[in-house]
Structures are given as structure tokens and as C-alpha cells.
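Per-chain numbering from 1; labels A, B, C, D and E assigned in written order.
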Amino acid sequence: MSAECRTVVNVGPSHPSTHGVCRVLVELDGEIVRRAEPIIGYLHRGIEKMAENRSYLQVVPLTDRLDYVGSMYANWAYCRAVERLAGIRVPERAEYIRVIVCELQRIASHMMSIGSTGADTGAFTAFMYAFNQREQVVDLFEALSGSRLTYNYVRPGGVGADLPEGWVERCREFVAQHPAAMMEIDDLLFGNVICRARTKGIGVLTPHDAIGWGASGPVARGSGVDWDLRRDDPYSVYPRLDFTVPLGERGDCYDRGRVRLWECVESCRIVTQALDQLEPGPVQAEGLPRLLAPRPGDAYDHIESARGSLGVYLVSDGSVRPYRMHVRSPAFANLALLPMLAEGHTLSDLVVVLGSLDPVFGEVDR
Amino acid sequence: MAVTRDAIVTPRSVTNDYPGGVAGFVQKARSLLTGAAITARAARRPPVTVRYPAEKLTVSPRWRGALRLRGLLGRDGIELLTAQSPAYNSVIDGLRRSERLPGCVGNCPANVDARGQSFLIADDRVAEAYELVRQRNIMPGVLGRICHHPCETACRRNHYDEPIAIRPLHRFAYEQFQEFRPERLARFENTRGKRVAIIGSGPSGLAAALDLMRLGYGVSVYEKDAAAGGALRTGVPAYRLPRDVLAREVADLVEMGMELHCGVEVGVQIPLAELITRYDAVLLAVGLQTSRILPLPGAEAEGVRGALEFLRAGNGTGEAGVQGKRVLVIGGGNVAVDVARVALRVGASEVRLASLESSEEVPAHPWEIEEALDEGVIMTCSVGPEEVLAEDGRVVGMRVRECLSVFDETGRFAPQFGESLTNIACDVVVFAIGQSAALDALASDSDVKVTEQGRLVVDGSAFTTSAEGVFACGEVVTGPGSAIGSIAAGHEAAISIHRHLESIPVDASDRVRRPVPTYARYAEVDLRLVEDLRRRAVMPLADAEERARDFREVELGLSRDHAMAEAARCLRCESEICVGCTFCARTCPDLALMVERDDTPGARCLTRYELDLTLCSFCGLCAEQCPTGALVHTGQYELAFYSREFMTFDAAEMLRDPGGTRATGADASRHASEGGAAE
Amino acid sequence: MSFVWGLLYGTGAVILIAGGAVVGVWWERKVSARIQLRLGPQQLGPAGSLQMLADVPKLLFKEDVVPASADRLLFRYAPLAVFAPIAMSLAVIPFWAGWAPLDSAAGVLFFLAVPSISVLGILFSAWGSHNTLATLGGVRAAAQMVSYEVPRALAVLSVVVLGGSLQPSELMDAWRWWWIPVTLLGFGVYFIASIAEMNRGPFDLPEAESELVAGYFADYSGIRWAVFMMAEYGAMIASALFGAALFFGGFMWLPGVAGLAVHIGIAALIITAVMWVKWTFPRLRQDQLMTFCWTVLTPLALVQLVLAVVVALWL
Amino acid sequence: MTRMTIDELREHLCAAYPDLCPLFSVEFGDGVLLVDSARLREALEDLKELGFDRLGMVTAVDFGDEFELVYRLTSRSMRVGMFVKARVPRSIASVRSTVDLWPSADWQEREIFDLFGIVFEAHPDLRRILLTDDWVGHPLRKDYIDDSIIRRPDYL
Amino acid sequence: MAGVDEFARALEDTPGGGVVLTSIDAISNWARGHSLWIMPMGTACCAMELIAASFSRFDFDRHGSIPRPDPRHTDVMVVAGTITKKMAPSVKLLWEQMPEPKWCVAMGNCAVSGGIFHHDTYSVIRGVDEFLPVDVYIAGCPPRPESLQDGLLRLREKVRSESISPSRRRTVEGLLPLPGGEKR
């Protein structure tokens, strides 16, 4: 069939399965996708520009709005870059708390992703179950930071506030029940024959492409690329914690989704260990000026977010505001794979592939 | 699902396939049944839904809802800490427990209400401010000149620009108070009929005297010198504390009913035992009288002197016998700096300070050192005295050894010396390395025990000595310290004497030393960004060249305007009254807050406090840094409005307690005023 | 006379379907809510049962949008074209011993054939909307509905073989309880194929929310869309009632009105099961849907047919 | 392979490409290779050869007269990351694309083109990515002026 | 809306029709108020809370509100999240696709005024009311799901002032009753 006979379908920018505001221009041959071009930028809010006119502390709320499914990550990555730039040593307790909240955040974020795999394939109930788990994490975060979504919790030099009373017990309760709940979702979703049929062999990403295209996180690990910054470029207190990095073999949507699922189980293990090792102490570096003015220079630091390696590149000119902030967004790199992965599959698969890349457009478009 | 936790082990590879053939088909069919079973089981579980709005989730206490103000400048007054001495401690403790103790008050040994002082001065109630301060800091005029102001170190303002000039404000209050003095001094009568003798008229003795007078005791103070003041008179140089100021403050105390006996040395003219029998209680506040001199080789040579003797001579007569000589001061503390500056004033040709510590670690206050350097004192840091070089029994120099480090890793004093030696030429060596008490004469005829090292045996919390009815306080108990520290000790001793005399039992909590609160260490603030009107008032200083020649006062005092402006800078920490410091607005990333205030003395008020709810990102940074705790988050989250105009909350709106979670915006009040006509 | 009967019957069918849809939608919202650990409609009436009384007037008073680029005639009347065959199919369902509203000799055939006409309506709406996603949905629906006719018919055929008649009333007279185990497989096929026929999850590809937003009725608003929804629920009710009669004997268990209640009860159970399935399983893909129809469902239906034939002959 | 330290990386780099060695420095714990924009492509090719198989991030910084291009490379085999920086003059803001070396540069270079206006030669599809196609100007340039921006006042 | 409008006008012209119209209004407003179906125009962070609002924990369905992705089937557009200049035309288009009567809820400060993105940015629209008629503004960043539900309940109050007749519609401002007065 020649290109002229193809149907061009515009999926988005407001479409139930674009997970935000992505527009995918799809050229269809019947139902087969011949070309899918993601058009992004519908949520380009200019955060990088805004950061140039805000003090280092005032940027933290902005980073919340980057990856709004997992605000803690952007907080942390940004704070790490600031700390590197300003030479701040973070107290150990703060590091543990950061690890705990970020692993909980991973669960919350993956719940969204796994749930939307269900929603994309039409199993809405699984989404609800996953979201129930997410709500519990959100509750924990609310007790911690006072907000359900934009936490503004991890700050340069530590964290915003110490754990409230009874929080550790609540957290333990959550991680104790979470793996079993995950297994239920696994049975309901990834064990289901229809879901398998919908996700297996769809959107296969080869390890070579994954590396070349800069894919990271569960997307890369689903393809068997054994790369996890928590283990391979260890930061914070991760070297003291024991965890497995689940890997996929085929690089299809199923593997990506299931890597996320098992990562949640591993996160529970990490949280348990971190809670065990948590010791009292300060949660903010001492003697931190209200207005940070790091010496001129640039620094980059990255963490393993739910979507992959999330890096923040900061340039300082010695003033109290960053001269330039750039966010290396994993979702941005992962989304670039969509045309390659979706090609040759049907329109129904397109949404599954898009969902399996788990883009969050706050982060993609920044 | 009956899965135990141990059974869940993450596989290395997450890929899994159905087996082929019939087994696979069975598994496929089973997966459908499993799914149906899961949903069926879920349907039997109770729903997790919150029946909003009939029932509501309890939001976390940290929930960052809409903001609210607890109090407002111009509408609400702040709490002045005005309790009488024994009750004052419990006021402070109460505040500390509720975490509402301002840093300045908490860090002051005597817990002087510096916050109240700033409030009153900014309100043009200076005399009241003086009296407020005098409650705890018995001589604001004196301490306003010489205090080492720990309050300013803990000042919250350090976080934003520079601390409030609390000490200069004390002095300003004193100076203004002079106008009102005659009509505002009330005499305290001896209502209880009991009398207390206080030996020593230094800061601690006078503090105890005033407290005891307030409590209704008769107080007699014995001073061995010709005038009262103790170390304030003999030790503190006159360029820092003019003698007439001290004299007037003491005179005020005498006017208030204190009996002062000068030139009476207890132990020599009157035996202590006699005082003990004549008075219901005796307080030893004799301070430290002798300087320590290192037993170095050559230390007995002529020209080696102790700091206290030197200061006494220099301060008293303006002549210390160093005219035209080169003076070397050993020590890095404030006394050493005082010695050096006095030496300059009494005509030394060259004054050099040799401290053990490096220039960063010198214990003397940086501003003192700076002033000394301005005046021409030379500093030699990181050297330890090795030997006094003497020729014909006269000092010609000092050999010093390089000092590598003074403190070990744990912060203990453990100097490490290097190899290199230097000779410093000088004619006079003054040791300012510590002081000790001279109690032999005093205690010789009484039951008061003195240790072999020449120290009093004192209970550190009750200030009682080994003799019944004899108390001790001040530096004789605590060792060398600050004037305000001695005053604090005087207050405590007065409480102890009061207890003793009234037979008030001492409970356990009173015996525990009050914990010293720790305040945030403030990092250096980048003052490049601070506007002038936010800067600390600069204390005018006399010209360095001029002042170094005589004992004229160095600090010239704040002008009225400056003092008012300075007092208005106070953030009134923890008062829960918004003072319009604008730091919330400055911290807000979104410029959602607009704060303006009017600083007219006597009519200070907030002219504008607006929260533009449409811009707020609920990040909580504003409330987090609100120094007063006036700006707080509410649990209120139902913020729905029919119009954007109503989404800007003014001060009145901000002050209303929303009570519950339903948004009470301007709409609600309007709705109420319309009597629900729209229904 | 027959015209009056027809009018009466038509009104009755519309009322039945409308009422059934109202109850059905409420029931579905409740069932899905419970499965999803929610409460579902709650505010109007006991357990929110009057929720539909708010929804329906709202849709009634909604603006009736006809897209500018739409084929107005097709667009406007497509909902009726979808609804009418469904309403007609109710006619042959036996509600009473020896009685069906239209007790035709080819009643079973009528039931299998007439609802399929609604495919045309769906195609009308899809084409008339002049919307790519709607067209895709319409084409999917056509393919799906036509294909799933086959296993569905075959499954029903096994009962016909056992009963030896195509007339619903006669078929019901012949019904015996032991048919249930014999035709259980057939019922399974009928059940699945019916779900596909009425475009419900997991076979809701034509209106797949996550892919096509709303499929063929994406451009319909207000009451026209409500008619589509009624048709969907009507198809569900019809299939359930018919299935309950044919495979489970319907009113045969008890005499009189009680029998009717049993009949409706069984149908309600079937409808609940349909909802349960929808809210449990993911959606298939178009090619998988067709593969499933031709490689699994149709052979199973044939197996059932053979079984029925064997049983019938053996008798 | 275990994690490589910066010093090992320097040695490794110097052994393989002595001409790149003097350009290598360490900043905030990260290796930085500061190259001339003319030699940028060559250096990147060399580094890819050396084992830097991932291009994690490409971005630019506006330094007034010059733009600094920052490439963040990661090597999985050496488990180390480093920067390559090059400055291009503002007047001729153009540099060779690296899409053929690392496909991940594709969108990132488009983003830089979009927000900074730096042209990547030989890029297969150099269009605006985040902003609308008819956008005027490049917002992340420091001199970008847009009437619709409400500047937040300097208020610290 | 033409048909309904004509019907309403005809009723008004008929003697005694006003009474009928009033009762029809009462019914339709009640129905509309209790069946506010949502067009989830979720673009950014607030979309997460919008999702949460209709999920198990908060369950919008209890209020009779269900999210429908298709604008044609919905009554309320909940704009949840930042609207950029690139996105605005799409939002406007979707709004226009919604059949009358329709309402718009600006959820979260980005939709209300640009919120945190009000200053310094070049690509954000400062409030969805620049191009849509917003009925209820909900402050929050993001608002809690309850907050959104509360907003919709406020909207329900507002819907009561609607009429099927264009001449009878009135604008409501400042009507914000307290929850205690409501029957549930």
C-alpha cells in the first residue's frame, strides 16, 4: 500500500491513554501502525528557564512539578546536584530518609505505571487495585511532608522535616502487606492470558537499541540491560542495602511491566532494611545559609528514578540563583523509542507500548 | 491471597511463558478463573471509599492547606516576659517546652527579654523597655556596653542578614531612661524583716541584691574597694564602660534600697563569722582577684605581670608603668585584648598579642579583636610561650614556640607544638591566661570550706557553701566567665537564698541544671543581596587614632532614629504575631504573598498582608521560615470559589480561623451577609 | 389488529429496555464499584438506585450535537437503526409457558438474525460521524459482530437440536433439566459470543476507551448517545433472557409468575456475570479477537453441536 | 567490571588518546574533557571507541558570547561517566550532530535547537520539538525577550 | 441546544407555560446537578488527583460524577493542570466539542492563574479563564481529591440557577453555602 492510502490518526494531545498530554501522529495501514511520531511539548512549562530566576531553595518546588508521579526523585536529583555544587554534607539520617521515601515513591510511581498497563489494555480494575496501593504511599507522604503529590520534601542539605511520630510503624505495615498485594495484581494482570497476549512480543526493544537510545530504568532493564544506578553508580546509602535488580529477557511490554512489578517488591525490601538501619540524628546539614551561593562551576548528579536515570545539571555563576539548570529526563529519552517500538503493531498496541514506556509529561516536556 | 512474604522472592529474570500444549491451555484457562476469583474476592471486601463530604479523611498535622495568621502587628500585642525572679524561670521553661522560646532569650544566660525590649523600643516605650530589661539584666546601661551578647549570636535574623543590635539597644534604653529616672525609681521596702549580706559588688552580687530587694529582703553589700562595681570597675577598661555609667547604675540600686558599704574588706575589717551571725544569710560574690602566671623560666623577672593587676592599675590610675615600653600580652581571650588596648592607652610604644590559638580560633570576640587591630595592636597567633628572656632580672623578650593545633579532635584543650622558636622583643610581659580566687583571708575564720586549690566548696545548682546560710555565686563559683553569666548566677543565688530563708523545699527539678538549649548555627549570609534598610544599625565608633590615646568611650551609642529602626528590625521570634518581616514573601517562589508595614513609632502596624491563593503553590516554605510562627498552614483544603477575585485573602481573612475544612473565603461571609438570599 | 399489537408490543419493548437499561446501568455501576472496592452511586435513593433518574433527564436536556462534517441523515438515525433490531429481538423471547410475544415458527432464527441488523446502524453511525476513530470503531464492530454470529448460532443450534424445534414456545415445552449439563459448553460459547455481540468488555474493541476514546458513538451526545447505551443494555438483556430460557429453562422451574421471576433471576445472574467479566479482564486485540472466534469458539460450538446431536440421536 | 575511578579513567584515556590527555580535568568529582568545537566530533568518536556507549545528556549553556555544549557520556563497561564540553561562538552557533554515534542525541539535539537555536549539522530531522513550530526566538538564551513573560521581581 | 431552546421559548409564550417551565427547570437542574459527568482535561500534576478522585479511595461515582474521555458525553470540563500555549488550542477545541449545557472547573492553581508558573515562563497560559468561561475555581497545588469533589458540589449549587430557557438563566456569584446545610 502506498503512503497516500494510509490513514493519519491523531492520538492526543488529550487522549485517555497518552498518560498526559502527548500527541502521537499515527499513520495507519488498516489498523497497522506504519509510523508513529510523538509530538511533545504540550506541557513544556519552561521550568529550566524559571529556575534561572529563583534561589536554589525556591527551585525545589519547581522540581516537584517535573515528574509529578514521583516528585521525590526530581527533588532528590536536584538536591544532589546542589549539594555537589555547594559542597554540602548531608547527615546520615537524612540520607536514609531519602532512600526510604524514594523507594516508596518508586512503588507509588510503578503503581501508576502498572495500573495504566491495565487501563490501556482495558482492565480498569487492576488500575484501581494498584492505585489503592499508591494511595497508601501517598498517605505516608502526606504525613511526612504535608502534601499528597508535590512534596517539596527533599531539600538541599537534607530533608524538610524529620519523620513524624509513628510513621516508621505505618511504613513497616505498608511494606509488609505490599508484596502480597503485588502478587495479586500480578495474577490479575500479568498472569492473565489476555493481558499476556496483549503485551508479550509487543514493542520489542533490543539491548543494543536500549543502550544506543539512552533508555534507562525499567525500559532498559526490561530488555536485559543490567544497569541500575543504585547498584552501578552507588549513591547515598545504597551500598549498605541488599537488593536484586530484576531483569527482563525479551524487551517487550510484558517484561517492562513485570520488571516494574518486581522492583516494587524489591523496594519493600530496601525500605525494610533502611528502616532497620535508621538511627536518630539531625536531618538537615548544619549551618546551611538561607540563600545558597555555591562557587562558580557546574555539577551533574543523577539518581535512579522510577523511570530511569534522572540527572540534574546545574551551572552556578556564584550568585544565589542557578545560572542554568538542565534536567536529564529519563522519560524523554525513553519516549524517543516510541516510533521504533510501535511500528508494525496495531493501534491497540500503540497505547500499550506508550504505556509501557511510562512517560510522565511534566518530565518529558519540563 | 495466601502468599506469605518469604515466598515472594524476586526472580532474576521476570520473563515467564506458558508451557506449550495442554498444560499451557489449562494454565491459560486457569488464569481467567484466577482473575475472576480475585475480583470476586475483592467484591466481598469492604470498600475503601471515604464517604466525602459526610465523612472526611483526617489530614496529617503537617498538611499544607491554606495559610492563616495567628496574630498581627498592630492588632495583637506580644507577650512580655515579666515575671518576678523565682517565677521567671518557670516562664522560660514553659516557653522552652512549647518550643516558643526566642533564640535571643534562650541563649542569654540571664534570659533577658530582648524581644520585648525591641518591641517596646520600636513602639517608643523606651522607659518600659529599660525596666523590662532591668528585671533580669540589672544594669542595662553597663551590660549594654560590655556584654558579649550571646543573644545576638542566636538571633534568628542571622539567617536572613545581620542580627538585631540588642546590646546597643540596651544602652540606648538606658540613655533614654535617664530622662525618666527620677519619677520611675521606686524604693523596695524590707517587708520580710530579714536581711542578707552580700560580699562583693560585682555583677552577680548586685543581681542577687536587686532580686532579694524585690522579694522584700533588706540587703547590705560589702565592697572592699572604694566604689562598687567589682570587676566591672577594676577589670573593664573605662573606654568600654565609662565609670559614671556604672556609678549611676549602682546609685540607682542604692536608691532602690540597697545598703552599700564600700571600702570594707570582709575577713580583714569584719570577720565573715560576724556577718553570718548578724545577717540571716550571707552571699559570697567576691569574684576572682588574682591572675595566673605561667611558671616559665624567667617568669619571676621584673616586667612580668598579671592581667588583673595590670588592668586594675591601668583602669584605676591611667598609669600602669608601661609608658614608652613594648608590651607583650600572652593570651587570646577578651581579657588579653582588654590588656592590650589598655596598654596602648597608658602609653605603651608597641603592643603585641601572642595567642596560642590560630587567628580563626582566638576565643576573644572578633569585634574586639578588630577594634584592637584598628587601634594598632599587633597580633601574633599560633605561638605558645616557651621562656621569658630576661637580662639583669628585667624582661627583654619572650621566646615562643610555634603551636600547630590547640584542640584535639574531640575538642579538648591539648596543644600540639612544633619545632620552630621565635624571640619576641618586649619590655613588659602581661599574662592574660586565667584568673583565680583569693579566699584565704575571707574564709579563714568561718566554717566556709576552701579546697586546696583555693576554691570554694559550692553546690553548683543551689549555690550553697559548706556553711549554713552562706551562699556563693558569680565567678568565684563558675570560674572566669561573662558579666551576664555572673548576673544569671546572681539571680539563681537569690532564688536559693529566698528558698533557704522561707524554708521552701527544693524539689528535684530545681536541682537539675537547666539545660542549655542549642540553637541553629547560622551560616554566613550573603550580604550582597540585602537592602540597606534591612541592615543592622552600625554602632558609631570613635576614630581609632584618637581613641587609642586615652580612655574615652569607643562606642558612641545609637541615635534615636537608628535605635528605633533597629528595634523595628526585630522579628519577634515565636511570638505568633506577624510583624511583617516580609520573609515569607521573600521566600515564596511564586510571589503569592504581599506584605507591607508601617514603622511609625507608636503606631507600628501591618498595612497589607495578602495571600494570592491563585499563585500559591502550597510548598510550605513561607510557614517553614516564619520566625514568629504566626503564619501557619491550616487543614483547610476545600478551596473552591466562584470567582477569582475572592481568591486573594487579605489580612482580615488570613486572621480568621477557618475551623474545620470547608473554605471560608470572602464568598462565605458575603453569603452570610446576604442571608442566603441566593438560595 | 396486528398493527395495534405491534404498537403495544413496541411500546412495551422500549419501556422494558429503557427500564432495564436504567436498572442495568445502576447495577453495573454498583457491581463495578464493589469489584473495585468502591461504593458506587450513593446519594440519590437507597444505594444510589435513583442515580439514573438524574442521568437520563440530564441527557435528555443535553444539546444534540451534529458535527458539521457529519452525514446528517445517517448520523441522526443511526441510533435508531441500532436500537430497533435489539428491541425487535425481544419479541421472540418466551416469557410464559407456550407463549412468546411473537411466537414465530422461526423464532430462534429471528433472534439470531435480527439483532445483527444493528451492525448496519453501527456502520451508519461510524460513517456518518466522519471521524477516523469512529470509523475504525465501526469497522471493528462490523467484523466482530458478523464473526461472532457464527459460534453464537451454533451454540443455540445445539439446543434446537435437542428440542427439535425453532419455535421458542415449543422449544421450551421440550426443555428438560438434564439439558443443562449437556449444553453447558454451548452456554459458555453463547455467553462469550453474546458479550462480543453486544460489544462489551473484554470484547469492547469498537468503543475501546483507551484506544478509540469512545469508538463509533464518539460524536454522539445527549439522548442519541443514550439510545446507543440503551441498545447495548437492551442487547444484554435480550441475550440474557434468551440464554436463560434456552439453556436454563427460564420459567420452566416454577409455575406462573414465580416462573417468570426465576427466568428474570437467571437472566440477572447472567447479566451480573457479564459485568463481572467486563470489570475483570483486559481487552483483546482485533486480530486476537478474530483468532479466538474462529479457532477456539467456533470449534467448541461445533463440538457442542456434535454432542447435542449424539444425545438427540441416542434418545 | 568494578567501578573506575577518575584517576583510572584519566590514565585509560591518556593511554589510548594522548592528545586528549591535556584537555582532561576534574570538576566536582566528574571528569571533564574541554575540547575545541572543531575537534569536538573527533573527541566524541574517540570516546565512543574507548567504551562510552551511552550518551546520557546533551545540553547547552548560554555564556553570552559563546554557547557551551555539554555532553554527558557514560560507559557501562567501565562504570564511569564523564563530560565533554565545547564552546561554540554565538554568531556561528553550529556543531556537527552526534545522532549517528548515539541515537539518543536525536531528540536532545532537537531540544537544544529549539531552545537555544544551535544548529546541528547532519541531523536527520532538525525541527522544533517542545515549542510550536511557529515560535519566534529561542527561550533559553539569556537574551530572549518575550512580552508574555512576567518577570518575578528580585526579592530575596 | 437549539431544539431545547425553541421548546423553552414556546413554553414561555404559552399562557401558563411559565409554571411548566419552572418545574422542568427544577427537574433538569436537579438532574444536571446530580449527574455532572467529567471531561478530565488533565494535563499535569493535578491530573493525578483527578484520577485519584474517581478511584476507589474517593470515588466520584458516589456523587453521580463519572469521568468520560469523550467530550460529547460530558458536562463538566475539569481543567487539571498547566495549560501551555501549545496545548490551549486543543483544550479550546475539546471545550467546543462538549454539548451544552457545560461547565468548566479550573482545578489547581495552574489552571486558575498559572500558579507556580505565573512568573518567568514563556510558554504557560496564566489561567484557563483566559479562553474558557470558568465556573468554579479550586485552589491547590494540586488540590486534594476531596477538594475537587467539593468544587463539584459547589458547582451543583451553581447549576441550580440554570434554566433551559435562555432568558431565565442567571449568574450566580458568591453563593457558597456551608456543607452543614446540605442534605445527603
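In this section, a contact is a pair of C-beta atoms (placed from the backbone, for glycine too) under 8 Å apart; a residue touches a chain by one contact, two chains touch by 3 or more.
Source: prediction; values computed, not measured.
When the partners of chain B are compared with those of chain C, the chains appearing in both lists are A, E. Taking the mean of each chain's C-alpha atoms, the chain whose centre lies closest to the overall C-alpha mean is A. Distance from chain A peaks, on a Cα-centroid basis, for B.
Of the two chain pairs examined here, A-B and A-D, it is A-B that is joined by more C-beta pairs in contact.
Taking each chain's centre as the mean of its C-alpha atoms, the one that lies farthest from the centre of chain E is B. Between the CA-based centres of chain C and chain D the separation comes to 61 Å, rounded to the whole angstrom.
If each chain is reduced to the centroid of its CA atoms, chain D and chain E end up 46 Å from each other.
Between the Cα centres of chain B and chain D there is a gap of 52 Å.
Averaging C-alpha coordinates per chain places the centre of chain B 57 Å away from that of chain E. Annotation for chain A: residues 15-16, 41, 44, 46, 49, 53-54, 61-62, 64, 125, 128-129, 132, 135, 150, 188, 192, 194, 291, 320 touch two or more other chains.
In chain B, the residues touching two or more other chains are 32, 35, 38-39, 42, 47-49, 51, 59, 529, 589, 591, 617-619. For chain E, residues touching at least two other chains, in rising order: 55-57, 59, 62, 69, 86, 116, 118-123, 141, 144, 184. Checking each pair of chains for touch leaves A-B, A-C, A-D, A-E, B-C, B-D, B-E, C-E, D-E. Taken together, the chain E residues at the contact with chain B in this complex read 56-59, 62, 109, 112-116, 118-119, 127, 129, 134-141, 143-144, 146-147, 149-151, 153-154, 158, 161, 172-179, 184.
Considering their complex, residues 47-54, 56-57, 59, 66, 589-591, 612-619, 637-644, 646-647, 661-663, 665, 667-668, 670-671, 674, 676, 678-679 of chain B touch chain E. Residues 7-9, 15-17, 31, 118-126, 128-129, 132, 188-189, 192, 194-195, 197-198, 346-351 of chain A are the ones that touch chain C when the two sit in their complex. The part of chain E that touches chain C in the complex is made up of residues 1, 3-4, 27-28, 30-35, 55-56, 59, 61-64, 66, 68-70, 72-73, 75, 97, 99-101, 164, 184. Chain D meets chain A in the complex at residues 3, 27-30, 53-57, 59, 61-62, 70, 72, 76, 79, 81, 83, 102-104, 106-108, 111, 115, 128-132, 139-140, 151-152, 156.
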